[in-house]
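Presented below is the structure to which this report refers.
Per-chain residue numbering starts at 1, and chain names A, B, C and D are given in the order in which the chains are listed.
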Amino acid sequence: MFDYSTNLGKAQLPNPILTASGCAGSGKELSQFFPLTELGAIVTKSIMLKPRSGRATPRMAETPSGMLNSIGLQGPGIDLFLENDIPWLQSQGARIIVSIAGETVEDYASLARRVRNLPNVIGVEVNISCPNVENRGMVFSCQPDTARAAIENVRRNIGGEIPIFAKLSPDVTDIVSIAREVVNAGADGLALINTVLGMVIDVNTMRPKLAQKTGGLSGPAIRPIAVRAIYQVRAALQKVPIIGMGGVASGKDALELILAGANAVSVGTATFGNPGAAMQIKSELETALIERGFENFVDAVGYAHRMETQ
Amino acid sequence: MFDYSTNLGKAQLPNPILTASGCAGSGKELSQFFPLTELGAIVTKSIMLKPRSGRATPRMAETPSGMLNSIGLQGPGIDLFLENDIPWLQSQGARIIVSIAGETVEDYASLARRVRNLPNVIGVEVNISCPNVENRGMVFSCQPDTARAAIENVRRNIGGEIPIFAKLSPDVTDIVSIAREVVNAGADGLALINTVLGMVIDVNTMRPKLAQKTGGLSGPAIRPIAVRAIYQVRAALQKVPIIGMGGVASGKDALELILAGANAVSVGTATFGNPGAAMQIKSELETALIERGFENFVDAVGYAHRMETQ
Amino acid sequence: MSAINARAIQTSAEIISNKKIGAYHHMVFAVDSIGATARPGNFVAISVGGPSSSMILRRAFAIYRASDKGSAGGHIELVVAPHGQGSKWLTSLPLHEKVDMVGPLGTSFGIPTQPARTILVGGGYGSAPLFGLAEILKTRGCRVDMVLGASSAGKIYAPLDGKRSVTSMTITTDDGSAGLHGRVSDALPKLIEENDSEIIYSCGPMAMLEAIQSIADRYGLVHQASVEESMACGIGVCMTCVVPLRGDDGIVRMSRTCIDGPVMDGSSVVWNSKGIIPEGTWGL
Amino acid sequence: MSAINARAIQTSAEIISNKKIGAYHHMVFAVDSIGATARPGNFVAISVGGPSSSMILRRAFAIYRASDKGSAGGHIELVVAPHGQGSKWLTSLPLHEKVDMVGPLGTSFGIPTQPARTILVGGGYGSAPLFGLAEILKTRGCRVDMVLGASSAGKIYAPLDGKRSVTSMTITTDDGSAGLHGRVSDALPKLIEENDSEIIYSCGPMAMLEAIQSIADRYGLVHQASVEESMACGIGVCMTCVVPLRGDDGIVRMSRTCIDGPVMDGSSVVWNSKGIIPEGTWGL
């Protein structure tokens, strides 16, 4: 019997397929297409302290094998989230990873206090790929010091029970050094990668297509960047749990990230083109692993790093 | 009559379509498909001081709407380049931009001395997206100080006549600050962008597909990254000539980069899929500009930055 | 499970007819379940470009007509404009080819419980969902005045059999090549006054819908508008397709046109908000 | 202009036949100029996936046969294995569809000026370019012993009409499902000894070519090998397709299999160099 289970630090999951934050709505929207309990876990869209309208439209542009978005973290804020979204997910029996996002270091601390000790919540993804309003809008995870500050605040306030995963932006000169920094600051694991900063210009209006001008590039176009980031970080930090994501649309794509070092794989943009993507990937990946002779999922994690002689 | 000419600093070109360095061979290979004089200029593959075998194979992997390469700057070295390649290009009457690449700061100085004052050479592209052997293989253009040092050495040794363009890697936290640094160090213009670092894992061998493990991602997949980089740098440095590149495969793609701020556009990976790509793009772009009412190419450069009220 | 996307399925749908009509393609897909459950105003989302496509997002199409019977079982009809890469790919498919389809999606037009005097206004392919609506309204004893507008004659989609369910039909074109020279909004006031209309149903470009809303306001009419924003997912998970919508509580929220729409109460939409978040929007 | 790619053109080529034969598709393309100028060993490069394809690189295919005449004018024939996305797309195209083709590309097999005793060795679809070569060798009065190998019977491409130009034909399969149980290299020594062969022509996977080279070395034969490395451009501009090749000056250079090949002098290739640059290579 193939053992599909995986570990993300203290969290044990029956399978390694998650949804990516911001790509599965509140869960309700997807539940028509498959039972959420079939997922390793559902990762919620990043929740902030206050309700948030998000950015003006247009918020989206399709690009070759990818898309650009500038949703701007639209959401109901932590109060309504805990009142509505979480209880509904709990009622489904889903395993939940809550994603939190702040505009200040203090936001992260407050959010951490709100999300500890919730039934079914098996982990917290700390989205630090957001603009820091206290520092000229610089993205937290793009600077070692702000990345560290955000994670330290979450760690200190969340208690020791629940694993936290720092979600990093690939838009940095050296992702390994940021990864080291947040792990030293108390992250139990990492989520790699968030979207890549991009822009599309509408050749008819001759202006940026998104109201916000720049947006985050996702989808298969960025998969080679995700694989590289995961591989580099896995090579440097051999034991840290990694949630991998970026352009996974098939079981073979998921396998690429896993061989590079991901302990679990989040499916983001692929769900937009295919509501059943996560389930298709789950079954394709299982088949691919069995075909390759693996008996346990965990043996495939980081397998591309094995010595040449093996 | 539509005026298609453009300026790159002191260099005046009859049209803005160039080949991208490393994507047009020595020129001979492409000349069967169109006369090289039809290009604004041919950009040669980056030449180094000594002959260079390049990396081991496999050197290539196709990716969704893109490809990964790790050629490793294979080339004949500056002596044979000046003996064979340059005279042949001169004999064709082609306008030439020579691309140079070094492993040390001193390499750049030596190369600069060799390429000044060559007939038909209208500019030098300084590829500083290469590993610095004196500094743990860190890419020159990824650090402000090494980027500056390389460009200063070229500037000092090349003389004042010939414009130099610093070619930057997008794999940095803040490309605008690197751009400022190299312009302050004496670059007359910029070439944006080089490839994005990526990796593909072969799901059959379960190892990185390229012998060198990582490689440079190019093609339409990265176009949104190129447009963003060009737009950001143009917004910050309004007068600096920019050679734009990254995923241009059609006239509309070229227009996107131009509206973002490129004064000329290099065609790279598109030539692999379509040997006539540069000519097709040249004519499609001209049509697109005329359709949009432009009488001079230069009026379209950076047009996406115009004020909202205009 | 929840009420969102409650009737939606993901399925493979065979093309059983594909005919060019004017500037459009009328396409019929054999798809039992969607044929049976779709309501006027719903849409479907179709994958485009085949297995190695660089287009990763589905394209949304309003359902023109749906039926749970027919020689090939249940089916739906679409009216597709070959516009960009995705729609050109779709309209060029041969008979019997199958496409990956998700539907029915979104809200549907509200049907009055009592016979009412209605005006249906469509711009370009926006006429598509109105014919199915007209059929239902007609069987409910409603008066159905239809106004279709487009830039030129070839872009008016108004098939003969569709006109059967319509009490009157007015055509407008921007260039005067068919019907009245002008826009649908030019024709509306007279029609409303003559027929003492009570409800406007509309589908078309945002600018048209906005113009209709101001006419609806002037005459105090109910306006159900089918709103088309660029959609990445069509099922409510991505938040790309939002418009500002005033809720029953008076609060404006950025609301998804794919699940809270495409049919929305026109008087609740904050129109002309491209590029801005209106003052007072929740969470601004 | 230069001598590189001298006969190559970029053109639109119509599919005039597409037949499944065993594990392969035999495809014929109407293409005057390439039909007229191609030589055995040359290849063509074809765009795959259509206008919105995510596959941005061409696929290379060895020319199986070429002719400047025929009912539809000049044409070329290819033998395509539906392997991955690109080749599956190509082999699934209907008749009369057109593809974007560049060719003829690369070097061709050298033809002996005097009648010679030759052995032609092909692995899988590697037999494709050998049949056109056999025809020419036969008209030049050469002895042509052909050896074709594959994993199993279905993967041997050896059409009846092709066998006409061949003096003898040997088949080997890894699983013994046709011909000799084993590899082409197992069959070669006996053939060489019996026929006193002088030249080996080969086309197939690198490991096979390498094994043939060591046999050629042992018997002191000339070996012209058609080498297939992954090619991004096929026209010499990208440097992805290189193998280490010893030049006439004794220096090993990383050489492009697309323009210095695919047909290379087997004794000059430094075999088994995947993942390494051999010691002493120029510029290492």
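The working rule: a contact is a pair of C-beta atoms (placed from the backbone, for glycine too) under 8 Å apart; a residue touches a chain by one contact, two chains touch by 3 or more.
These figures come from a predicted structure and were not determined experimentally.
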(request) Name the chain whose C-alpha centroid is farthest from the C-alpha centroid of chain D. (result) C
(message) From the mean C-alpha coordinate of chain A to that of chain C, what's the distance rounded to whole Å?
(response) 35
(message) Report the inter-centroid distance (CA atoms only) between chain A and chain B in whole Å.
(response) 34
(message) Between chain C and chain D, what distance separates the C-alpha centroids? Give it in angstrom.
(response) 55
(request) Quick one: which residues in chain B touch 2 or more of the other chains? (result) 64-66, 219-220
(message) Quick check on chain C: which residues sit in contact with 2+ other chains?
(response) 54-55
(request) Would you identify the shape of the chain contact graph, picking one of line, ring, star, complete or other? (result) complete
(request) Please name which positions on chain C make contact with chain B in the complex. (result) 54
(request) Name, in rising order, each residue of chain B that touches chain D in their complex. (result) 22-25, 28-33, 45, 50-60, 62, 64-67, 69, 71, 74-77, 88, 211, 219-220, 249, 269-276
(request) Under the touch definition given earlier, write down the residues of chain B that touch chain A in their complex. (result) 63-66, 68, 142-143, 171-174, 196-201, 203, 206-208, 213-214, 217, 219-225, 227-228, 231, 247, 252, 255-256, 259-260, 288, 292, 303-304
(message) Going by the contact rule set out above, which residues of chain B touch chain C in the complex?
(response) 64-65, 220
(request) Quick one: which bits of chain C touch chain D in the complex? Just the residue numbers, please. (result) 48-55, 85-86, 89
